[in-house]
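Okay, so chain A shows up in both of these, paired with chain B first and chain C after.
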Partner chain A sequence: MSNSTHEIEGVLAEFSNPYELLKAAEKIRDAGYKKFDCHSPFPVHGLDAAMGLKPSKLGWFVAMGGATGAAVALLMQWWMSAVDYKIVTSGKPFFSFQAFVPITFELTILFSAFTVVFGMLLLNLLPRLNHPVFNSEQFKKVTDDSFFISLMADDPQFNSEKVKEFLESTGGKNVEELNADE
Partner chain B sequence: MKLDKQTFKLDRATGIGYFAIFAGIIGVAVCIFGFKKFHAQFFYAYLTSYIFWVTIGLGGLFFTLLHHLVDATWSVVLRRMTESVMAALPIMLVFFIPVCLGMDELYHWSHAEAVAHDELLQHKSAWLNPKLFSIRTLIYFVIWFIFGHFLYKISIKQDSEGDPEQKLKEKMRQISGPGMLLFALSITFAAFDWLMSLDPHWYSTIFGVYIFAGSLLSILSFITLLVVFLHKNNILNEEISIEHFHDLGKLIFAFTVFWTYIAFSQYFLIWYGNIPEETVWYLHRWDGNWYKVSLFIVFGHFVIPFLVLLSRVPKRNITMMTVMSIWMLVIHWVDLYWIILPNFNHHFHFSLIESVLNIATFLAVGGLFFAYFWFTFISQSIIPINDPKLKDSIKFVNS
Partner chain C sequence: MSTDNGNSKIESNSVGCTPLITGNPTFSSITGRISEIVELEVKKTPKAWFIAFGITSTMTMAMSAMIGWLLWEGTGIWGLQNPAGWGWAIVNFVFWVGIGHAGTLISAILFLFRQKWRTSINRFAEAMTIFAVICAGMFPGIHVGRAWVAYWMFPLPNQMSMWPNFRSPLLWDVFAVSTYFTVSCLFWYVGLIPDLATLRDRATNKIRKIVYGIFALGWRGGNRQWQHYEKAYLILAGIATPLVLSVHTVVSFDFAVGVVPGWHTTIFPPYFVAGAIFSGFAMVMTLAVIARKIYSLEDFITLNHLECMNKIMLVTGTMVGYAYACEFFIAWYGGNVYEQSIFINRAKGPYSWAYWTMVTCNVIVPQLFWFRKFRRNIPWMFVASILINIGMWFERFVITVTSLSQDFLPSSWDYYVPTVFDIGIFIGSFGLFLTLFLLFLRFLPMIAIAEVKGVIPQADPHHYEHHDDEKH
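And now, the complex of A and B:
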């Protein structure tokens, strides 16, 4: 792999503990960078705020998913029991909302759960087969004992030399350029 | 009212306690009048108010037991409040005396002649008889007293002696294991005895859980309002943050759904089975104007709080949390009213006398219970100052 001809995809910096990671994320946020991400072996409390991330919109999608589930369940049961195949069951009316509640409840949960999983993938832009950070040898430590921040080249303020200096000034070590695959 | 920053005790706070006693005494005076004039009506109103305050007390006991069992962090700052409610619970044994006096009016099964003509009651009389009823009530209170007393005593000891090796904490946790088991059994049987036996032919095995759900909702709302009140007086503003409100809101939301799940499970099986001896209970709650109250509970106890508290925003808004807590306490009272009163007032008509009696009994039991709670509360530090997790609890954030 020859680096010189490759376009720079981003810059990676290593931090030795979650506290440094948090502080650096705050500085990067305050400097106005948008396209950066923190990588850690475990969840770090307060990182969302430090990175300037807004609360996820996923909840609203899930509420809509749940409402859809409830509506689908009620419509389905109404059509089955009161329209398409009417059978008197223990003397109850064809449309007995009481009998429909368990299914409605279950489908609400099911649709909500599906929306959570697929909405999460969608909002995270997943599935995605590769990412420039995986070309870094030192990045393998992220699943063990090290913390990283990657700042990507599609950020409007991106300038590789400036960003490298900046990441070093926030306390980042082993700052390296990330290159795309051949 | 002022907080001592060293001991975390409230200074010059007795006024609220005396005010509650004053309200209680006015209530008692009206109650005595009501008792003489409107015998049966008075006892039904009294039982409603009594159960309302007892469920708050039981909620305090449950919350404390749960806190220790799961070794919770966030609720450490609220622990002394629920402990004080729990410590005030034994006084409710005194307030049970009027219920015993009114047994004749309230509980059909206590009439010897009614039992003589009713085969079902004859079979049930081994369990449902006045003597055993009183003994069982005493047993419930002994259980609640023992666990409440020891947990409170150890907790106070932790304040004065410190707990560097977490031995006291561990001890409270060990007590809470059997405590939780006996709590579950005692609240179930108390609900059967005090409320379900109002209609002695009817039975529902989930009934105790139903009462428990209301009980937990009411203590969560009570604690929320207490914290709002303290914050208004600039007390514990730093120690109890919006994060704690958020968690209380989550629990109120969760147990609104839990209550609905239980309430619907009870209704659903009876509706499906369609056996007259079971459905009659719901029929009584649909007759006359009672259906309006039934629908009000469906919306007020489930639909409204569910929609309002679903999002994160209202749980982190103190005004919304205050409104919803008051609402949950009101609806809990309506729920109990709906369980108790159809046995007396078959068609549900508004009556001024009944309203006055409801308010009077509410003040009588509530005022004195609250005063007892309040004096217990201000006699000690209002947060457990030597709890090993106190600092984490103060700093706690929802992520």
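And now, the complex of A and C:
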């Protein structure tokens, strides 16, 4: 930023345990904020509901990936053994689908697995090595033993002073502004 | 008597009631304990690690030299002859694939069954899977003879306008094992992401920060990420479960689809899968006992964890014993003279020493795990785990070699003897496996940090409610 005063990208507050994190998430959800996230070293049970998140859509991605894998495998085996390069094996029909089941199964799994991993990364918008929360020194503890809530400036209700007060009222400590990169 | 009952009641529930991780851990003590092993300066790496690494990498180099000679001279340097065209290379392939199966069982099947004790051992069991499959994949690769055209096994467009035979179990195996390897790597990496982020955030030097930072992909531990992450982990476990069952099923098809007596039986798929899990757990046990001792991880891998693994070995070992008995019964009941003669030959013929080694190690040894004393005796379980793996190697040897060396035509019968290259490459494959494993212990967290934090009591929000009431 050319500006000497940093642009505020969000506000970060620390919570001391999963319970406080959960209670604060409920209050933030009820106050109508949308662009916030609860950071923890491990997945905390009940946070999805506390934050008002909808169930992950990843399963649908994988169903499509798996179906694609099965179709690709069957088409490949049909075209290669029954169309392009016919060999008689034990007098079996060229398209002897029973013998094609194992490879169809394996490719279904393979395509599903790739969609799981890449679908997860896509939904999570990862890899993303640069994020305002990484500018906070205390945020390094998030992968150790600390719990944080970040509320980002692109939330329609965002007002840095009000948000800071609000996070403190929910039990947040070490409330800090997240600034953009200099 | 009553006190005795009381005790056993508490302890039989021990995995549920007493803490999974002992030593009153906190979140940060878990992070520190596991990360510090990885973060040690190179100069401060334990001497034992360097000695072990020196030995295993020398073994790997020796194996590479022997493989070089094999490629130059051809598979004639092995003890293969007619009629035994499949020798140690195939035995070793089945052996190593089997070892890998326990890792997937622990990471996927036990996850679906919500067995929380798995979190202490799943990371290095998964690593073991990957390294075992690398060793396994090597053997058929060099067994094809002209290894430089091994890519013909894949359906790649080529100037000969030929495609592989999709009706062959050997081709199914190519797909099964390569899918297995890929999915195991993906599963392992997904599990590593949060822990790599831990190492990134703790990094004190720049190289570490950059390398772990890149592989952590910018993980922020936000619940919007955990939500998809947990779903991904669940689905991966759900698809890895049928996958692992299918892989050893397909390996058994390599034998069972053929018409050779002793191979052509429908019991092979479940029998192979049970044997694979059995041998894999034995290998996890061998490695776990050593690693927990050297790195003082007794609080993470407790005696209860080891006991659970021994119970699984008892179950799968008994299943394997049942399969041996069932094969004999069917050979007699089926009334096929070729089948009968091969089974009588296994027990009483020239390879009976191998057969009885197999029965002793696989069927008799694990039966001692019926007794609690043996299940919780570390020296014994260590010895048993090694005996079981010897037995499981002999199982594959018995299946492969006894059936082939005495085929339908008695005039061609022969006694298969391995050469120094058969033996050397097999021993060398242990060198490769252990070299990779030592590198893993040195540079990656061997216990899943984020997962272990999730199973301690403080991770549950309800844990704090009680204290909260007291305050107000």
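Operating definition for what follows: the second predicted complex is superposed on the first by the 178 of 182 C-alpha atoms of A that agree within 3 Å, B and C clash if a C-alpha of one lies under 4 Å from a C-alpha of the other, contacts with A are read in each partner's own complex, and residues count from 1 in each chain.
The rule is short, and it goes like this: contacts are C-beta pairs under 8 Å (C-beta built on N, C-alpha and C of every residue); 3 or more make two chains touch, one makes a residue touch a chain.
What you are looking at is a predicted structure, and each value in this text was computed from that prediction instead of being measured.
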Contacts of A:Gly91 with chain B and chain C, given as first, second, both or neither: first
Contacts of A:Val116 with chain B and chain C, given as first, second, both or neither: second
Which of chain B and chain C A:Asn124 touches, first, second, both or neither: second
Touched partner set for A:Asp48, first chain B, second chain C, both or neither: both
Touching partner for A:Glu137 - first (chain B), second (chain C), both, neither: neither
Touch count on chain A, higher of chain B and chain C: C
Chain B versus chain C as contact partner of A:Gly59, first or second or both or neither: both
Contacts of A:Ala99 with chain B and chain C, given as first, second, both or neither: both
Touched partner set for A:Asp154, first chain B, second chain C, both or neither: neither
Chain B/chain C common contact set on chain A: 43, 45-46, 48, 59, 90, 99, 102
Touching residues (chain side chain A, partner chain B) in the complex: 43, 45-46, 48, 55, 59, 63, 90-91, 98-99, 101-102
Residue ranges of chain C touching chain A (in the complex, touch as defined): 26-28, 31, 155, 161-167, 169, 171-172, 175-176, 179, 182-183, 186-187, 189-190, 194, 197-198, 200-202, 213-214, 217-232, 235-236, 239-240, 242-243, 246, 250, 253, 450-451, 453-454, 458-465, 468
Chain A-touching residues of chain B, taken from the complex the two chains share: 264, 267-268, 271-272, 274, 310-312, 397, 399
Chain C-facing residues of chain A, complex: 17-22, 25, 37-48, 51, 53, 56, 58-59, 62, 66, 76-77, 80-81, 84-85, 87, 89-90, 92, 96, 99-100, 102-103, 105-107, 109-110, 112-114, 116-117, 119-121, 123-124, 126-131, 133-134, 140-145, 150
